[in-house]
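One chain, chain A, links the two complexes that follow: it is found with chain B in the first and with chain C in the second.
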Partner chain A sequence: MARAVTPRRKLFFTLAAWTVALLIFFPVFWTILTSFKTEASAVATPPQLFTADWTLQNYSDVWARSDYPRFFLNSVIISIGSTLLGLMIAIPAAWSMAFVPGKKTKDLLMWMLSTKMMPAAAVLIPMYLIFQKTGLFDTRIGLVLALMLMNLPVIIWMLYTYFKEIPGEILEAARMDGASLKNEVLYILTPMAVPGIASTMLLNIILAWNEAFWTITLTTVNAAPLSAFIASFSAPQGLFYAKLSAASTMAIAPILIMGWFGQKQLVRGLTFGAVK
Partner chain B sequence: MATQSSRATARLMLAPSVIMLFVWMIVPLAMTIWFSFRIYRLLSPDRTGWAGIRNYTWFFNSPDFWLGISNTLLLVGGVLAITIIFGVLIALLIDQPVWGQGPLRILVISPFFVMPPVAASIWKNLFMHPQNGLLASAAQGLGMEPILFLQSYPLGSIIFITSWEWLPFATLILLTALQSLSSEQLEAAEMDGASALSRFRFITLPHMTRAITVVILIQTIFLLSIFGEIFTTTQGGPGSASTTLPYMIYKQALIAKDIGRAAAGGIIAVILANIVAVFLMRSMGKHLDT
Partner chain C sequence: MGKIVLKQVRKSFGDVHVIPSVDLTIENGEFVVFVGPSGCGKSTLLRLIAGLEDTSSGTIEIDGKDATMLPPAKRGLAMVFQSYALYPHMTVRKNIMFPLKMAGMDPEAATKKADAAAKVLNLTNYMERKPGQLSGGQRQRVAIGRAIVREPAAFLFDEPLSNLDAALRGNMRLEITELHQTLKTTMIYVTHDQVEAMTMADKIVVLQAGNIEQVGSPLELYNHPANAFVAGFIGSPRMNLLEGADAAAVGAKTIGVRPEHLEISTTAGQWKGTVAVAELLGSDTFLHVNVEGHGTMTVRGGGDVNLRHGDTVYLTPQAGKTHRFGQDGKALV
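This part shows the complex of A and B:
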């Protein structure tokens, strides 16, 4: 039985909800808008919502001033690479914890999550030295490894909660029929877990894309992704608002669009499967 | 169900993750412990040797240390409080019958996709800047003096910016929980004459406990190591007004270039983070069991 909804009530809540949502979204909207203004109208008083002199100049300026394609490519390689590598290592681990749990499984999961609680700043110098010594400093492989390990607990945790929802009887039946462990994982488990794996992937690409501590401290030029690109634009005197906005838009647009499309899977992934 | 051999295989499948995470954790930690007892200054490289516990006592005697701890707690607690309270309110609002719930969710989730340095720089320059920021213009339009957000209320401003980034996360998880609440129960309570407030208090809120737990757990993990927001906006200032413990360590390492002290601070931070972790896991573990 649906609750009776009067049109007036619905109109009221619609207006209220849209007002709140637009307020939350406004900073992003304003940044995108400013990126198409001239520098003069970007700082005009009073602020102008719409100006007469729309321009793409800022984008071509930013494009000319820095090697955007390289930063972009690094971001793509690092976020996708670390996510795929993480999945390869995490899937077997999550599988074994979900289907062959031991007494210590819960503790192990908690320990894994607790490794994320180590403040990054605390181990900055050792990391820096290790990366220098091993030749991983300012390389894509180095960052792929670092971000993979950083997000590994999250990946394992998410996959574990998804795998737990798969009924064990199906696996037992497969075993009775003589399926090997490899086939069990490959042909039964993985297809059933695809939605879970997809949302884990999506969330981790976003986390890796937006990571800004290790990507800035462990790179200089070659492997620097978009988070480093934007750091170079945050000049002390933010007088180039339109260019700053254009650079910001270029840094967030790819992930924003991807996130919008994957929003449904993402929300489910975000909850670590713990909220239905 | 599990046989001997499948147990062995399971352990084998678990091994790479456990070993890698262990090495990833223990090697930097061991090096940090070692450095924390050494004299290790990049600005005077010829002075080396054991420092005893002087690196640690320097931290405990520094007035910035206690300020840093209270700032860290205020930041984590403030953001948690704001995102959960407003998250619940906004989730309740969006859960009402409204037109365009899909687009609404897309608008609300957007700040989550904005990387921290960008979020911080947008707020710092386009909104909170004392001359050209939109908030300054708004204040002038109303005939008021512009507020110097990052100078007068540095920590408050950082809490605000960080809350903006994390509000979508809290809202959407709470919304997911709300949508699984059966409306029959609420209707029955309504017919029995329960007020809207007590329906929320006794039915809706208990239903969301688990979701709130998840929000607290995950946000705390990420909030404890907040860095980009402070770095981009105030650099910990003015003075040390917005310096958190991790940021104080960062300053010791990269500005004062005293690796020994930074390492001692790091060990203190790790111990404190572990206390928080144990406390969290204990109290959260109950709610998370399936």
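This part shows the complex of A and C:
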């Protein structure tokens, strides 16, 4: 039986949702506000949410002190590159799991997901050594590979879920119509799974963009993305909260904007298949 | 050309033998209907012919060539699915043109062919629409259009009308029959609806548990069922099958009388019963009669039969219209 939604109940849930949303967003909001404060007011006791002496000085200092465009470019290449490479591997993998499953497909899917349950630090030493020995350390291609492998289980799982929603008869019809496997994937499966592929892509770009453990560990200068850029502001000179906040804001702004514009797609993709 | 020959075709899924062994010849230009109850293996047999399932053993020949190992696309067959299986992201035109595109046909020639098919199927005004904007009947016509343009050796239909309402089903049945008469191409049609089988087929293949029970023209099956299963399956309403003393009296285990071959009387007859339900269809009246010692028997009377629930009736089979079946269910000559 449907539960009646009274105005009071609706108000309660709206307020609760807003409270939770604001709590989640507050650290980001605090960071953005701090980035416009002087160093003195950033560390004032008791902490001040707002200040009288707003400034853009932190941004010009950060810009002058480090090569932001290079970090930004690295982030773009690494996040988009790892996502595209991941999709190229995950689409055929998810296709075979969804449409020609074997007896162990479910176990394989669970095993892949289980690799995400392991703490990254557990494989730090071998990964570090492999990267050093193979010349992948501090290279963009190295990070593309590392982040692709890290997110591959998530990409495959998401695509598998979307592909399962596509009726097998449509692919059989394509086969009867003379489509080769390549054409079946290219002309039928991929266009039908576009919402799912787009949201998978979006989510993985965000995951790769925000990844900090491997990007900081496996880079020094050349391939360092924006996560390393932020980390560089908590280095030898001590902690400069306002500058650190300005650097953080500059690092998260592009992905925040992309997420904002892509939120409809993201929500649609993440709830895809939940309701038939 | 479109002669299809199945030789000892078997299909098993693990330990389950869905098709124990089938031998069947489908002549060029024939309209063959596979009919049988749910789970009898008729769709599996069609999918084996299409190449969507691999045979466990046996051979499938298409136009004299062994096609057993060929992929679906190379068999020169076209299939219409129960769910239509249209490509939802493509317009009607692109759906119909897709097989031609896959065959590498020049786009201009493909467009002409698609337009011609659309004209035959009354789809000309819907060419730029997506499948989601079409009715069930229109979608099924698009699926047929997509099959026609390939000019296949044979068309395979997998319960294509099951998703349509009764009125539309009747229309589409006629359209497919007319299409067969126009194209004269081999058609294999799977259905569980024996009315579709009777009205459309040149040849009916009755299946049960993966075995062919009988192959023949609709009237052959109706008039001379090979066994009690076919007798009960072909004909609507289904044949009355009786056992006991009446059957033993004619040297059979079971006797069968079709509802339309029973005479109704209110005064005298072979079996006495009480009308349980009278279904008035205008042109016909179906009486469901509780007959002493035999349970419910169905009788088909004229539209003017004036009998109702509770009335006493006497039923007598018409001379020469009683079918006899032996211990093993097979018809006795």
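We adopt the following convention: the second predicted complex is superposed on the first by the 224 of 276 C-alpha atoms of A that agree within 3 Å, B and C clash if a C-alpha of one lies under 4 Å from a C-alpha of the other, contacts with A are read in each partner's own complex, and residues count from 1 in each chain.
Just so it is clear, a residue touches a chain if its C-beta (ideal position, glycine included) is under 8 Å from a C-beta of that chain, and two chains touch if they have at least 3 such contacts.
Here the structure is a predicted model, which is why all the values come from computation and not from measurement.
Trainee: I'd like to know which partner A:R65 touches here: chain B for first, chain C for second, both or neither.
Mentor: Neither: A:R65 stays clear of chain B and chain C.
Trainee: Could you look at A:K104 and tell me whether it touches chain B, chain C, both or neither (first, second, both, neither)?
Mentor: neither
Trainee: Which partner reaches more residues of chain A, chain B or chain C?
Mentor: Touching more of chain A: B.
Trainee: Touching A:I156, do we find chain B (first), chain C (second), both, or neither?
Mentor: The answer is first: A:I156 touches chain B but not chain C.
Trainee: A:D177 contacts which: chain B (first), chain C (second), both, neither?
Mentor: It touches chain C, and chain B stays clear.
Trainee: Let me test your reading of the model: by the given contact rule, A:Y241 touches which partner, first (chain B), second (chain C), both or neither?
Mentor: first
Trainee: Go through the superposed model and pick first if A:P92 touches only chain B, second if only chain C, both, or neither.
Mentor: First partner only, chain B.
Trainee: So in the superposed three-chain picture, is A:P167 touching just chain B, just chain C, both, or none of them (first/second/both/neither)?
Mentor: Touch status of A:P167: second partner only.
Trainee: Give me the intersection of chain A's contacts with chain B and its contacts with chain C, in residue numbers.
Mentor: Dual-contact residues (chain A): 172.
Trainee: Would you mind writing out the residues of chain A in touch with chain B in their complex?
Mentor: Checking each residue of chain A against chain B gives 1-3, 5, 9-10, 13-14, 16-18, 20-22, 24-25, 27-28, 30-31, 34, 43, 45-47, 89-90, 92-93, 95-97, 99-100, 102, 106, 108, 110, 112-127, 129-130, 149, 152-153, 156, 161, 164, 168, 172, 181, 206, 209-210, 212-213, 226-227, 230-231, 233-234, 238-239, 241, 244-245, 248, 251-252, 255-256, 259-260, 263, 266-268, 270-272, 274-276.
Trainee: What residues of chain B sit close enough to touch chain A in their complex?
Mentor: By the definition above, chain B touches chain A via 1-2, 6-7, 9-11, 13-14, 16-18, 20-21, 24-25, 27-29, 31-32, 35, 90, 93-94, 96-100, 104-119, 121-127, 129, 132, 134, 137, 140-141, 164, 167-169, 172-173, 176-177, 180, 183-184, 187, 210-211, 214, 218, 221, 224-225, 227-228, 232, 245-247, 249-250, 253-254, 259, 262-263, 265-267, 269-270, 273-274, 276-277, 281, 285, 288, 290.
Trainee: Quick check: in the complex, which residue numbers of chain A touch chain C?
Mentor: 167, 169-170, 172-180, 183, 187-188, 191-192, 194
Trainee: Using the touch definition up top, name the residues of chain C that touch chain A in the complex.
Mentor: Touch residues, chain C against chain A: 50, 52, 71-73, 77-79, 81-83, 85-89, 98-99, 102-103, 143, 146, 150.
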